[in-house]
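Each chain gets a letter, A, B and C, in the order it is written, and its residues are counted from 1.
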Amino acid sequence: MTSTHRLSLTVNGQAHDCEVEARLTLADCLRDKLDLTGTHLGCEHGVCGACTVVVDGAAVRSCLIFAVQAQGAEIKTVEGLADGDRLSDLQQAFHDNFALQCGFCTPGFLATAEAFLSENPSPTRAEVQSAISGNICRCTGYVSIIDAILETAARRRGEPV
Amino acid sequence: MKPPKFDYFAPTEIADALTLIAEHGEDSRFLAGGQSLVPMLNFRVAAPSALIDLNRVAELQQVRVDDSGDLHLGAMTRTRQIECDPVIGAANPLLQAAASHIAHVQIRNRGTIGGSLAHADPAAELPGIVLVCNALLHIAGPAGKRVVIAEAFFESVFSTALADGELLTEIVFPAWPAARRWAFQEVSRREGDFAMVGIAAWFDTDDDNRITEARLAAIGAGDTPLRLPSAEAALVGNVADAALFADAAQAGIADLQPGSDIHASAEYRREVGGVLVGRVLTQAWERN
Amino acid sequence: MTPPYIGQSVKRLEDQRLLTGTGRYIDDIKLPGMKVMAIFRSPHAHARIRRIDLSAARALPGVTDVFSAHDIDMDLPEIPLRLAPFEGFERFLQRPIAADKVRYVGEPVAVVIAADRYIAEDALDLIGVEFEPLPAVTTVDQAIAGDTLIHEDAGENMGTRYTVARGDTDSAFADAPYTRRERFVTNRHGAVPMETRGLIADFEPDTPLLRLHGATKVNFFNRRHLADAFGLPEDAVELIETDVGGGFGARGELYPEDYLVPIASRRAGCPVKWIEDRRENLTATNHSRDIVCDVEIAATEDGRILGVRATVQGDMGAYIRTNGGVVPSKAAQFLPGPYRVPDFSCDVQFLITNKTPVGTFRGPGRFEVNFCRERLLDMMAKDLGIDSAEIRHRNLMQPAELPYRIGELVPGDADATFDRGNYPSAMNRLLDEAGYDDWKDRQGDIIDGRAHGLGIACFIESSAAGPPESATITIRPDGKVEIRTGASSVGQGTETGLAQICADGLGIDIAAIDVFHGSTTLVETGGGTFHSRNTVMAGNATRIAADTLRDRALDLGALRWNCDRVDLVYEDGAVARSGERLSLADLATFAEARGERLFADALFDNEKKLSYSYGAHAALVAVDVATGIVEVKKYVLTEEIGRALNPAMVQGQAVGGLVQGLGGTFLDHMVYDADGQLLTGSFADYLLPTSDGLPEITAIALEESPSEFNPMGFKGAGEGGIVAVAAAVGNAVSHALAAYDISITELPITPDRLRKALRDTGV
């Protein structure tokens, strides 16, 4: 039945070419073909948000997109946030606020938060709470994650934290 | 939970999409936002032989308001756009408000109105809105084009008037008077979950606050979204006030045909559906 | 950050790799030549296996091998009991793969080894199994009735049954002025960590070497049993711990897959990876809770408890696995809680049903019975016209009554003793923070259209059970300090905590320290991570190792300088004498030149003297009576933890536990139908708490009563946040709806159930 498809996509600013079966999800393409294992699979049915990445500026479930659909797309994953060893401001805020414990859901939260803050740079606490309600964390209880996102927003606006 | 094999096509024209689906027959499916279909593939409860990806058909993504004020949404319009686009919000604020209840932002970034309508989940918001707004569903297929009114589109659970090989191309919402009262409320277990029951309503009044026209629809209360004619009948011709809304709520319960599942019983949906009718009408009245 | 580190919210060492996506979870590991495994699992809850046809699956291109029980050329052992191995359980143990019968949906029946998971699942679709379905036993009552036997040879579906007691409940109840009896039902739910389970086995029988990646929690115990199962010497088995995406009690126990993945590797002659997907996880990983408690209280007219007697029935699922009878046994043991209950008896029953087996989940048994007891106390308070806080004041044990030997409330555990503490103080702090006095006369008030209620609950919780724990500290010549421990990390910040202790113990900068944990290749032996024991056990082991290492440093310094030890002091990471210093790096270099290493081993054994944390919870709820929707507006908890190693991490445990507890109260529920099919087999139906509906949270760690049973005074702080949530919320909702005579006795609390109860009273 299936043939493979040639695929070109840009991930964290780097161009990649590969050949994939149509059914290979974007999540599995990132993890297995491109060795970017920072994006995690928590459910593969679009509920938990651990696999969230940013595709052409929008936070999406990479377990619900086939890699072939991402042809030509610009994808940002957790691996693209830090500058070498230097954490991004959002990552630093997560660190400062103890917004992670086991870390498995964290890449999905970071992607969701980055996309959210680029659309809403001055969110209220309630808006942040709603924005992350599609990402499940079993460890932290969310409060520190919300704190970290608000702190980042304030920093980016040049406000004291 | 990996999907089974399928052939994949990504046409850029509607005509090609129709040709492809006809060629690959019964086992092939259109792929819209994928937020409902891909989980089904991952669970292997669906195993289409071919997926015809509509995400590159530009013609299906057009959004415009015509000279009459009717809102035209291409079937592949993302629900996130419906939630956020001021043009859409001005043309139909009820639609925009309901869209923000759909799942979560990551789902809305991919999910489409056409996909939601074709999937026809009885608890989904957009089918309810399309019904309450009396929208027209434009369809293209092997036999050519046709238009189906919302009321005739939803047939049963996950089942619509779309025939094999047909494609939803556009949804047209009638113009929305600025003075119209409207509201949408649903109850769900958590934010973003499917509604246990939800009510969408709008009504127009004359200078004496007498209701001239009203439409209500319920989601999660039947095999399809349901109009509430008994509630509508209770409203039209009467002066809008709390007592009237309570009567309409009581009347509307008779129109509900809910089932039970592990999240809510039929009794719950019927009862709370009635409560929401009252609350939605009150909220609509208190807007402005 | 500057020392001392203990007691400071030191930022986590683990974060750099986890935040940058460079953590190494089991699915991130790829070994050369590795194949992938998938498991064909029973679709039936109870059935005989008539025929297995693997031919089509075997023929699929990309498939290396497919096997079932009949193809395995070794005696498959029973998965052992690790905890609470009560007599009778030996009849209900599970073998790693079903041979002629399946007993729960999800039980392994066949295994596929293929090039990747996509192909492996294609092969699963080609496996043909002919089942002869049998009636499913899906309730405790059906299990007791025994019309269908799940393990025929056992002759019953009762795993075991015993009674525990202290004092004399017969006389306590005989003339009691007040008694009340209620039945409480708690929901089957479970750990459901964000990362599903996974293993990579690399089995070289000729070496021999079995290396198992993805192990955690109790690696040394598991190694012993796997070595035995495969006829290998223990040192030929290595259990390697990777980064772990949460455990909460369910991950790391011995499961069928711990045997099947090595078997697959041996058959395939290459490493084999198995990653559980979420659908599997919900049926294949231990469930928990699911206790029915029939409890009766006897008291004086002014609400002083005379006695409590109860029956606890645990639905254990189809087999008894490694956690044995922990859940119901701890339920019985913690039912009296921190209260003065001189006479107590409990009949504990362990029922076998056609469901996923039950194991531990954060606060096992406690979450359930705290709900039962605290609800019953509030019912008693209402009956007697006594305020909820006041009734607790009257019954909480006072400091002068502690330590208190609680009696043999778990068979074989006769010495359990609540240590010194001040329960009323922790409750008073809670009442103060929660504004209890403002609310106690406003219970049931309608505010913004909703009925409000404030519920409180007290708890006591144990920690640090189990065998001794190890730590080795080694100084490298370049100055890096390495801690190796047999304790595991499941994400709770073990590396950071131990580094803090080591840094203070050695007087060095924490940045110099690397921590390696869990893998059996690191240390000789280890106790593992469960029952919130890491800080106590591994923490103290680390401290002892640091003390020993300072001593060695002084010895080395004396050698190096050819002087008397007494002339030297150890300070700030160096051995010193007037003006001269030898850093640990210098000493390690010196040691290396002598062909030695500068290191110290330690083992900490608390001799089974558990530490007891305690405290209280309060929940303020608003109930929309017309829809049954409950909002938890505010949540306050106090938890006496002895000594906070890292306050921010302690807070993280409390808040994380609390939110999991809210899930267990309102959302999480494993629902089975009458055929034993799991209706909540995906995240669409099994609901976990999200950021939606988060209350305003105040979690207060108290450090008033350091543990006497370990030198550093720590108590475990991993479970206090969860154990009283259903209790406090159940009481809050009952207060809010008292006017309608609604009394919560069942979990979860759902809008549908609330509306039904309200409808039944005519609202």
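The definition used in the following text is that contacts are C-beta pairs under 8 Å (C-beta built on N, C-alpha and C of every residue); 3 or more make two chains touch, one makes a residue touch a chain.
Just so it is clear, the structure is predicted and the values come from calculations on it, not from any experiment.
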{"item": "Contact graph of the chains (line, ring, star, complete, other)", "value": "complete"}
{"item": "Reference chain C; chain at largest CA-centroid distance", "value": "B"}
{"item": "Highest C-beta pair count, chain pair", "value": "A-C"}
{"item": "Centre-of-Cα separation between chain B and chain A, whole angstrom", "value": "29"}
{"item": "Distance from chain C to chain B - Cα centre to Cα centre, in angstrom", "value": "43"}
{"item": "Interface hub residues of chain A, defined as touching at least two other chains", "value": "21, 23, 44-45, 130, 133-134"}
{"item": "Contacts with two or more other chains, residues of chain C listed in rising order", "value": "118, 277-278, 682, 684, 690, 692"}
{"item": "Residues of chain B touching at least two other chains", "value": "1-5, 39, 43, 190-192"}
{"item": "Contact footprint of chain B on chain C as seen in their complex", "value": "117-118, 121-122, 125, 277-279, 626-629, 667, 671, 679-680, 682, 684-685, 687, 689-690, 692-693, 750-752, 755-756, 759"}
{"item": "Of all residues in chain A, those that touch chain C in their complex", "value": "21, 23-24, 31-32, 36-45, 47-48, 50, 77-79, 81-82, 85, 87, 91, 94-96, 98, 100-107, 110, 129-130, 132-146"}
{"item": "Complex contacts: residues of chain B adjacent to chain C", "value": "1-5, 39, 43-44, 187, 189-193, 196, 262-265, 267-268, 271-272, 275-276"}
{"item": "Parts of chain C lying in touch with chain A, wherever the complex brings them together", "value": "9, 11-12, 14-16, 18-23, 25, 27-28, 116, 118, 192-196, 243-246, 248, 277-278, 490-493, 648-649, 651-652, 655-660, 682-684, 688, 690-692, 694, 697"}
{"item": "Touching residues on chain B, where the partner in the complex is chain A", "value": "1-8, 10, 31, 34-35, 38-39, 41-43, 49, 51, 53, 55, 80, 103-107, 109-110, 190-192"}
